[in-house]
Amino acid sequence: MSGNSIGTLFSVSSFGESHGPAIGCVIDGCPPGLALTEADIQTELDRRKPGTSRHVTQRREPDTVEILSGVFEGVTTGTPIALLIRNQDQRSKDYSDIADTFRPGHADYGYWQKYGIRDYRGGGRSSARETAVRVAAGAVARKWLRERHGIVIRAFMSQLGPIEIPFRAWDDIDAEGNAFFAPNTDMLPELETYMDALRKSGDSIGARIDVVATGVPVGWGEPVYDRLDADIAYAMMSINAVKGVEIGAGFHSVVQHGTEHSDELSPEGFLSNEAGGVLGGISTGQDILASIAIKPTSSIRLDRRSINKAGEAVHMHTEGRHDPCVGIRATPIVEAMLAIVLMDHALRHRAQNADVVCPTPKIAGLAPNGSQRVPSPKA
Amino acid sequence: MSGNSIGTLFSVSSFGESHGPAIGCVIDGCPPGLALTEADIQTELDRRKPGTSRHVTQRREPDTVEILSGVFEGVTTGTPIALLIRNQDQRSKDYSDIADTFRPGHADYGYWQKYGIRDYRGGGRSSARETAVRVAAGAVARKWLRERHGIVIRAFMSQLGPIEIPFRAWDDIDAEGNAFFAPNTDMLPELETYMDALRKSGDSIGARIDVVATGVPVGWGEPVYDRLDADIAYAMMSINAVKGVEIGAGFHSVVQHGTEHSDELSPEGFLSNEAGGVLGGISTGQDILASIAIKPTSSIRLDRRSINKAGEAVHMHTEGRHDPCVGIRATPIVEAMLAIVLMDHALRHRAQNADVVCPTPKIAGLAPNGSQRVPSPKA
Amino acid sequence: MSGNSIGTLFSVSSFGESHGPAIGCVIDGCPPGLALTEADIQTELDRRKPGTSRHVTQRREPDTVEILSGVFEGVTTGTPIALLIRNQDQRSKDYSDIADTFRPGHADYGYWQKYGIRDYRGGGRSSARETAVRVAAGAVARKWLRERHGIVIRAFMSQLGPIEIPFRAWDDIDAEGNAFFAPNTDMLPELETYMDALRKSGDSIGARIDVVATGVPVGWGEPVYDRLDADIAYAMMSINAVKGVEIGAGFHSVVQHGTEHSDELSPEGFLSNEAGGVLGGISTGQDILASIAIKPTSSIRLDRRSINKAGEAVHMHTEGRHDPCVGIRATPIVEAMLAIVLMDHALRHRAQNADVVCPTPKIAGLAPNGSQRVPSPKA
Amino acid sequence: MSGNSIGTLFSVSSFGESHGPAIGCVIDGCPPGLALTEADIQTELDRRKPGTSRHVTQRREPDTVEILSGVFEGVTTGTPIALLIRNQDQRSKDYSDIADTFRPGHADYGYWQKYGIRDYRGGGRSSARETAVRVAAGAVARKWLRERHGIVIRAFMSQLGPIEIPFRAWDDIDAEGNAFFAPNTDMLPELETYMDALRKSGDSIGARIDVVATGVPVGWGEPVYDRLDADIAYAMMSINAVKGVEIGAGFHSVVQHGTEHSDELSPEGFLSNEAGGVLGGISTGQDILASIAIKPTSSIRLDRRSINKAGEAVHMHTEGRHDPCVGIRATPIVEAMLAIVLMDHALRHRAQNADVVCPTPKIAGLAPNGSQRVPSPKA
């Protein structure tokens, strides 16, 4: 499988550069019979699109998606679904002066050494612009997962730089004026003040995003390499700027005892969810809980040292239109990647195990009196 | 690709259960001409094998490997290398009383629901015994990487439960009596005391392992999904009991500013390595730095609540021979998984880019005055 | 890997329906540095396009290709190359009356049973229109193979129904007025007369296409399943209407003795090429020779029995614009598929074996006095 | 996916050389719950094994299979099934004198150039000995296909060199003393006389094998590359010595008109089966019919010209124990390969289309008054 494709059975092959004619993908393996329109995808794209608040890049991209194939009379046919998003606001001139230098914290130097050539306009293929494709493809997966299995996937910003954002309510994320996907509208003034100061300083900051999938049946995932959590880790780490992935208790499990970490079972369900919904690589029927670290944007207005193609030392800074915290727009991307992974494993699971009739009564995910970091989102 | 295989071009297909006749794998895609004997692999297996100190499981497995194919007159031929390790000390009776119950923190319930059947003897396929296969396959990759590219891969325990282990020297890890892969022999008394108390208590504890690969050339990794760091995250999270993966600054990047995190370049090399040797999914020529969280062992002697196949509440505890901290034996596994990923990307890179002649002089990984969390290991 | 993708390292993911908005593909894994323009691809598409003579379908499709990504300043960058061909002359109304019936010899019934839905307009995904995508992707592979390895790939029609076409000269294929890709212009009057009568009769006919690749180095192909010839067989049989594939002597080898079939070697090269350039799945350095059988078009004007969705017996015939011999336009497709397979194996070979230094002097493919069915084509 | 693996979801990773310690494979993706013992596999292996009549190689290999994993208490668990066959009668000395020469018609020269090294003992990896692995893996697939879907797969020799063998009855194949898998015991004297003369002459001969699968449901196969017939062509051409593959009418379709070739439908079923059970790459519910050409054995006792590693002309002949017609033992291999492909597509189909409810009544494969080359085999 080539490096720009993700998924074994629900497979997404992505293409496109930041300042080329278009970005898009081919989705193969989607089951037939799913009602799908461009509006279904556009809704998700609009959540990620740039230029929606002063805290994100001011690039204006309508990100209008066109379905080129695989849908007939409003329903998926089972053949490849091609999605096309034309680039609009390209302003390549912004980048002409960096054609010969390597931006710190970016893939520039690596691409140059790997390929001997690079599309320097906005990072070309390495630009976060490609994440629009993930959101578009993820929209298809989310819709199928919701309609077929009742699965709901929601993410939120749990930390913006030094500011931890205590979870209050899922509804808060969708509240008007919440540009941060923060699950706590009380925090908005503090977040806005922080971002305004940051933007003025010319620097950037990291963030943490948490994601939850509820309704995932027990039994998805493959031993021993393509574990559900391994594929989630892969998918999350493949997002631009991600430097860490946790499942369930994550790094906190380093200091936990077995009596704290390992979730007990009862006839009413699990009594806790430290595992994050995956044991031995296989879903347990509990909520899938993951958390990721997003590094600060590398394109900043402050002076940075680097080298040019001649190997000479240079100073540089970035004047383009960039997000001071790429984590802010990452939430829909994280949801999309989890959707893609879950859908792939849904299909893989039934390929092998469609005939399994397991006599034991399934237990509920979390017992009524069980404990979990954040509550399950509702449909 | 099936779930028990890892790698696109250097591909490892693993098999075997904890208490079945044997475990092993088929390695496909290894370049021809690599000198390889069973001793090369045995050396690595011996580092992981159980029963070497009082702090690990007392199961006695010689883990003797047999090369069944792919090597002729002491050299790899380019055809599949099959490795076989017969199980010896199986003691299945230890497990007969748990055949009808689901151990908390284990894959038992998931396997049962997924497959409608499970090999309950020692966890069957979900047992950490499978990690011996990883170490064996990784030994082949390590040898090729070292001989072909001068790459050295070393891991160490950086934290045992609450005890952080400050890095002192790579040599400390190999010091006699160091059962912990701790890079600081001064810490051994504290670690031993902690483990002795833990073992008496019947409980278990988590750990953190750090891994470093030095000598990795710039340019390995694929945009945009099969990034080098995404594949590392996948490989690490696929190890039993791993709950978190970090690359470079990892979760610390959440609170970093761009001016702190993004590594500046100079003609002498990078001035820091917060990225952990990967930018935009492609190696930078710096050391690859990763860190993983390992949860506490789920098999403990203390009383735990669970259910049986009839759906009834039960109490259970484990009397088998288990590691109170599975992290202790994880170090060679982590090294092996990184080796497998790097070798796969070495081959993928040259498949596409063997003809690239990049005119720019390559910079050294880390500049002489640059900063990095731990020093590079030596061959 | 999903069913609409071909290739492990040079991977083509195809999409599109006959009467949808567009067809196209994403090519991943192409080496960087290949000069590539839309004209390079258009040239090949024009050889396949409909409406160029009275012997083929009169559908008018300009088949104009647009490169959406992966090429910067006229050179491939190593990132995915997306190709887009908008459909123009769709005339869906031609098909509305067959929406509820299953055309004999077509995929209609199978699609309906497999997916529970089908795009009935012109066969939707199962239409031979998709082969334009193959030709477009193949154009990229051909160019790289020619420039990097000097490989030349040529196909021709060797039989039209009952009329065998004895090979005379490669140049004949390109002669003006040769609508048949026949390697013998003397045969054109007979072929035209035959086709004119056939067209009047309303029936259709099969054909045989031969293909030759010269310049393929020794050593490409993988044991034991992904043999070069196995992948060629797969690629050829994946072309619409193909019912048989031969390598070298093909079915004639059934009646050959070992002394006739197995090609002897001499210091000057092989003394014959019955093998067709592949032994044990690995290229020998001789010309790759393959031959395929193409069935007669199923869409004919004559009355045929079938059933409709209600399971009732119906009579039907086809009035659409169809090729009475689909084999006529198949030649560029066959060349394209062979190019895709060869390029994939070129990359796979060097991934594993880039370091091999084989001391033996390579022999020429065919010795000067050796025998081969058709001469090698020239660049 | 590496070159020694076949299958996307039912995946077989093969290993082993003719004269190494063992051959075998890892089967991944087999559904759980299939009753499976070594005897189930041994039965199939015994049909292929050498030394059973004077017309095949006299090498004595018991081909005893051991199941190393994936089966617990007599039932598959859904985890990888590893199969091991130890080599017994290796007689490597037979080959020592050819270590420096390249046998005509063999992979020797290609392996040497590809890998720079070769295991010359009996062809090493390129030996037909590897086909025992295919038969073993195929036995698992056949059992599942038969028990889950009622599919029966049978092959037979339809031509031995110049002698066509008219089909008489499936039972004839299993008749005592029928060493040829000939579906017509009347032909046995002629076949034996031919083979006795051939063996005395020191030469070898080709053969044709036909294979039929009955009971395959409509809808298996993927558009547009991984068509069912494309994957069959791949699998068949991957068998040692195969030079041609046909589906249904095969090369005869070159001279057929559309009115002859395209199978009409009726409410009672298809009226003929020229397609061979596959249209547009998807099974039609009719019998799958394929036919393959097997070249004459290259290892013969007669004098042949070749070269050695020094590039010098040499004369050579083979004194080892070889089959004068490798086609004779090919029948179980052909059945096994078809089983592997069908099982893979069974799983792929239900992965995507498990939810499809198609309202149309399925028609029977072949209508009672329909015509097909050979009758359907019975279970």
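In order of appearance the chains are A, B, C and D, and numbering begins at 1 in each one.
Just so we're on the same page, a contact is a pair of C-beta atoms (placed from the backbone, for glycine too) under 8 Å apart; a residue touches a chain by one contact, two chains touch by 3 or more.
Which protein is which chain? UniProt says A, B, C, D = Chorismate synthase.
This one's a predicted model, so the numbers in the text were calculated from it and none came from an experiment.
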{"item": "Third chains touching both subunit C (Chorismate synthase) and subunit B (Chorismate synthase)", "value": "A, D"}
{"item": "Selected from A-C, C-D or B-C, interface repeating A-B by over half of its contact pairs", "value": "C-D"}
{"item": "Centroid distance [mean C-alpha coordinates] between subunit D (Chorismate synthase) and subunit C (Chorismate synthase), Å", "value": "26"}
{"item": "Averaged-CA centre spacing for the pair subunit D (Chorismate synthase) and subunit B (Chorismate synthase), given as whole angstrom", "value": "39"}
{"item": "Approximate Å spacing (C-alpha centroids) for the pair subunit A (Chorismate synthase), subunit D (Chorismate synthase)", "value": "45"}
{"item": "Residues of subunit D (Chorismate synthase) engaged with two or more neighbouring chains", "value": "1-5, 8-9, 14, 29, 32-33, 78-79, 114-116, 125, 223, 348, 353, 356"}
{"item": "Pairwise touch network: line, ring, star, complete, or other", "value": "complete"}
{"item": "Subunit C (Chorismate synthase)-touching residues of subunit B (Chorismate synthase), taken from the complex the two chains share", "value": "1, 8-9, 29-33, 78-79, 148, 223, 347-348, 350-356"}
{"item": "Residue numbers on subunit D (Chorismate synthase) that touch subunit B (Chorismate synthase), as the complex places them", "value": "1-5, 7-9, 11, 13-17, 20-26, 28-29, 32-33, 66-70, 72, 75, 77-82, 84, 114-119, 124-125"}
{"item": "Subunit B (Chorismate synthase)-touching residues of subunit A (Chorismate synthase), taken from the complex the two chains share", "value": "1-6, 8, 14, 102, 104-107, 109-116, 123, 125-126, 130, 159, 161-162, 203-208, 218-227, 229-238, 240, 243-267, 271, 275-276, 279-285, 293-300, 302, 304-307, 309-313, 348-349, 353, 356-363"}
